[in-house]
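All chains are identified by letter, namely A, B, C and D, in their written order; residue positions are counted from 1 within each chain.
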Amino acid sequence: MTTKIIVAGPRGKMGSEAIEMIRETEGFELVACLDRKGSDVGDKILDVPVFHDPETCFTEVDADILVDLTTPQVGYAHTEAAIKHHIRPVVGTSGFTNDQITELKKLAKEHNVSGIIAPNFAVGAVLLMKFSQLAAKYFPDVEIIEKHHDQKLDAPSGTAMKTADMITQVREPKKQGHPDEKETLAGARGGDVEGVRVHSVRLPGLVAHEEVIFGGKGQIFTLKHDSMNRGSFMDGIKLSIEEVLKKDELIYGLENIL
Amino acid sequence: MTTKIIVAGPRGKMGSEAIEMIRETEGFELVACLDRKGSDVGDKILDVPVFHDPETCFTEVDADILVDLTTPQVGYAHTEAAIKHHIRPVVGTSGFTNDQITELKKLAKEHNVSGIIAPNFAVGAVLLMKFSQLAAKYFPDVEIIEKHHDQKLDAPSGTAMKTADMITQVREPKKQGHPDEKETLAGARGGDVEGVRVHSVRLPGLVAHEEVIFGGKGQIFTLKHDSMNRGSFMDGIKLSIEEVLKKDELIYGLENIL
Amino acid sequence: MTTKIIVAGPRGKMGSEAIEMIRETEGFELVACLDRKGSDVGDKILDVPVFHDPETCFTEVDADILVDLTTPQVGYAHTEAAIKHHIRPVVGTSGFTNDQITELKKLAKEHNVSGIIAPNFAVGAVLLMKFSQLAAKYFPDVEIIEKHHDQKLDAPSGTAMKTADMITQVREPKKQGHPDEKETLAGARGGDVEGVRVHSVRLPGLVAHEEVIFGGKGQIFTLKHDSMNRGSFMDGIKLSIEEVLKKDELIYGLENIL
Amino acid sequence: MTTKIIVAGPRGKMGSEAIEMIRETEGFELVACLDRKGSDVGDKILDVPVFHDPETCFTEVDADILVDLTTPQVGYAHTEAAIKHHIRPVVGTSGFTNDQITELKKLAKEHNVSGIIAPNFAVGAVLLMKFSQLAAKYFPDVEIIEKHHDQKLDAPSGTAMKTADMITQVREPKKQGHPDEKETLAGARGGDVEGVRVHSVRLPGLVAHEEVIFGGKGQIFTLKHDSMNRGSFMDGIKLSIEEVLKKDELIYGLENIL
C-alpha cells in the first residue's frame, strides 16, 4: 500500500530535500505541494500540482499525510485545515506556543486524526536528549559542550539548553565542582543551568555538535551527536510518517515515538 | 532503617573497596564477613566477625543482604545458602552458567527472596550497552572501538563483544561499508560480528574505554564509557543493594534494574 | 603588489573553488585559465581568457603562478611548460612518479624557478603527519584510527598509510601490545604497519577523519584531523602561492613549507 | 657507563616514584638521597645514604645528576649547591622566579655545568603546548577545553593558561566567533585570553585532560593530552637526565630539549 503525501513549503531547503526523500522511498508517493507562491492552476513540481490555497488542496487531493516545512504562522493554519480534512500532519517547527499545541491536540482528538509536531527531526539529537535524561538519574554530575560554526549568533544552542532543562527535571539542583572552586578567568567554568555547566565552542570548520558528559566515581559516560547536514532531518521525517500511520493522537516531540 | 550487610571476599581488591563503601554510606551497616581464610572464632575486620563457614555465618548473623565478591564456585554455594536463609544476594560474577542462574532463580522464587547477579557493576558500561541496543533500532550502521592498556591479553574485550551481540539482536544482519570495499591492509576494517565492526586499541596509558559509533545520513551518534578504576563498581553495588530491597525476584544483569 | 595567477582545470570541483578563493583574496588576481576544452579564442571565465594550449597561454599571458588542478598526465606537461616560461607551478597531485619529481626539480633549478607539488593541500592533515613523526620519537607506542563515509572503496586511507610510514621511519620496528596478546575475533587488532596498528571505520554520516593516538606510562597524546569539505584545500593553496614567491626551488610536499 | 644520581625529596610521592624509575632503568644508579629529615649518619633508602645537608652530600658523594623534587625554596638552595659541585641539576618546579632562573643560568655558565629546570615533566603536555604554538601560525581560530576531577580548586588549569599565552605570542589579538555573537547564558562562551576561549570542565571520574581545537575553512585540527597518573612525569625525568648529559648549559622548560 502506498502512502500519499502532500508537501507544504516544497521550494525551501528542507522542503526540496523532503521531496527528494519521498521520491526515493518505496511506498511513499508525492501527490501534491502547497506553496504560498503556488497558482492553484497549472503550476507543477515533479508532475504533481502545486496549490496556493490549503482548502482547495485538501479538498481536491486524496492524501494520507501533510508534511509541513513552512513557517510557524502558515504551518499552524495548514495543520488546522489538514486535521479537519482527515489528513495527518507531520510538522517541523519549534515555533508553536503551548496554547497552540493544546488547541491542535484537542482538534485532532475531535476529528480522530493522528499526527506529529516536532521541533527537531534529527533522530540522533533527540536520542541524545532522551538518553541524557535517563542517565542523569544515575550520574547527577554532568556538563554539556556544544560546538558550532562561527557564524552562529547565539550561545548556547537551543538543543544544549533543552538538554540542560531536561536533565534538571530529573535531578535535585546541585552545585557541581569543588565547593571552594575559584574562576581565575571569568567564564571559564561555562554557563550555569541549575548547576549543569554549559560550554559553547565556535570555530570555522565546525558544523553542529553536542556532547553531554556524565562523571561518577572512577568513570565517565558520554553521549555525543554530530550533525553534518540537513540529511539527518529526512530520516526523522520518514520515520515520523511511518509511525504516525500507526498512532491515534497528535504527538508533540520526536522523542515520543522513539 | 538500617540495611545489614555481610561481605564475602572481604580481603580481595573489590571486597575491601565494598567494605569502605558500606562504611561511608548512611543507612548501610557491615554486620559480618565471610572469608575462606576466616576462622569462625575471634577473627575480625572493622570490629565485625569474619566467618569461614557460610551456614554458621547466616545462622548466627541477622542480615538483609549478602554482597558476594568471591569466585564463581565459592559464590554459587554462598548464594544458594543465603537464599535459603532469606538473605538477599548481590553477586558480582560473570562466571555462572545459564543452568546455574536458572536454578538460583527457581530457588529464590521458592523461598520468596529477591537478589541480583551482575557480570558488570559499572553503571556507565551497562547504560552504554542498553542505550546502544535502543539506538541500533534507528541506526543500523554501527562500529565499536574499545581501548585498553597494553597488558590486556584478549581482544576484543568482553564488554565490546557483549555490546555487539546485543546490537545484532535488534537489527537484521547487515554488510556494512561499500559493497566493493577492499582491505589493502589485512585487519584494517576490524573484526566482524554479523556486520558490526569491532576495533581493539592497546596502548600503555590507557585504562578501559569503549565507544559505540552509529552513522546515519548526515549525522553521527556516539556513546562512550571511560572506566578509570574500580570505584565505578562501588556505585553499582550500592544501587543494587537499594534496588534489591524493593524487588521480589532474583534478577540477572544490572541493566534490569536501571 | 598583485600576484598574477593562471588556473588549470578551472571547471573541476577543485578548480572552481580555487578561482573563488583567488577572487576573494586581496593581492591575488586571476589572469587566465587553461582548460582542455578551452578554445584559445573568445572563451572566458570571469572575464579572463580560457586557453586550450599551454604554450600559447604562457606566451601570451604575463603571470607569476600556475595553479594546476588537473590530472597527473596533463599536469606534468603543464608544470614543465610553466617552468620553462618562468611561471611558478603550484600543483595538487599525488600522481607524479619519483622520477618525474626529480626531473621537474632539476628543470626548475636550471631555469631558476620556484614552485610546489603537493599530494595534500589540507594544512591540518599535513600538520597531523608532521607532528606525528615528531611525537613518535618520544612515544614509540602508537595506533591510528581513520574514519570515512561508507562510499569509500579502500581501507586504510592513503593519509593513514602515509602517517604510519612516516612514524616507522623514526622508530625501531616494535611489536606493540602484550607479547601473548590473542585476537579472539580476527581483525580486531587492526592492520599492522611494522607494529603500528591501523583501524578503518566506515559509516554513513562520516566525512574524512584521522586520529593518531600515542600511549606512554600514565599518559595519552592524541592528534586529530577532521576534514569537512574541500574548503580545507583552498587555505593550503593560498599559503603555497604566498610561500612559493619567497622560495628559490621546487618543493615536494606542503610539510616542507610549514 | 653508569649515570650516578642523587634524589632530593625521596619520601614524597614524586620522589619515591623517581627512585623506582632509577632502579628500573639500565645505566642509572641511585647513589644517595637528600632529605630535610635525613640524618647524615646511618639513615638509608634502598641501601644508599640519606643526607640532611646538601654540602655534606655533594662533597662526600660522587654523582653526575641531582634530581630535585622538593619545594621551590629548598630546591633553589640545592640547585645552587649542586652547580658549585659540578653536579648537573634536574629540577621539577614551577616556583622559581625569573630572577632566580637568570641567576642559576649565570652560575651554571660560570661553573660550566649543564642542567634543566622544568615546570612540567609530562612529555605529552609539553608537546601539546609546543605543537599548539606551531599550529596557531596556520589556524588563528582556536579554543581550549581542559577537564579535571571536581576536587580541583582553580579554573582554568595552569597548563591551559600557559597554552593560551603561548598561542597569543604567535598570533595577532583576534575576536573569535561572529562579531554579533550573543551569550544568552553568561559564561557559555568560556574565558577569554586575548580572543582565545578557554573552557574548564570539572567532574568526578576525570583526572587531568587538555584539548586544543583549531578551526579553519572546512577542517578542524585537534591536539589532546590525557594524564592518568604521575607515571607520565617519570618518562620526562628520565629523558631529561639523558639529554642533560649531552648539553652544556642550564635549560628552562622541557620543550627546549624535545
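Note that a residue touches a chain if its C-beta (ideal position, glycine included) is under 8 Å from a C-beta of that chain, and two chains touch if they have at least 3 such contacts.
None of the values given here were measured: they were computed from a predicted structure.
Steps from chain A to chain C, minimised over paths through touching chains, total 1. As for how the two copies chain B and chain D face one another, over half of their interface residue numbers coincide.
Centre-to-centre spacing of chain C and chain D amounts to 36 Å, using the average Cα coordinate of each chain. With centres set at the average Cα position, the gap from chain B to chain D is 39 Å. In whole angstrom, the spacing between the mean C-alpha positions of chain B and chain C is 49. Within chain B, contacts with two or more other chains are made by residues 205, 214, 216-220, 226, 228, 231-232. By the touch criterion given at the top, residues 205, 207, 226, 228, 232 of chain D touch chain B in their complex.
By the touch criterion given at the top, residues 141-143, 145, 147, 150-156, 161, 176-178, 180-193, 197-206, 213-220 of chain C touch chain B in their complex. On the chain C side of its complex with chain D, the touching residues are 122-125, 127-128, 131, 134-135, 138-139, 214, 216-235, 239, 258.
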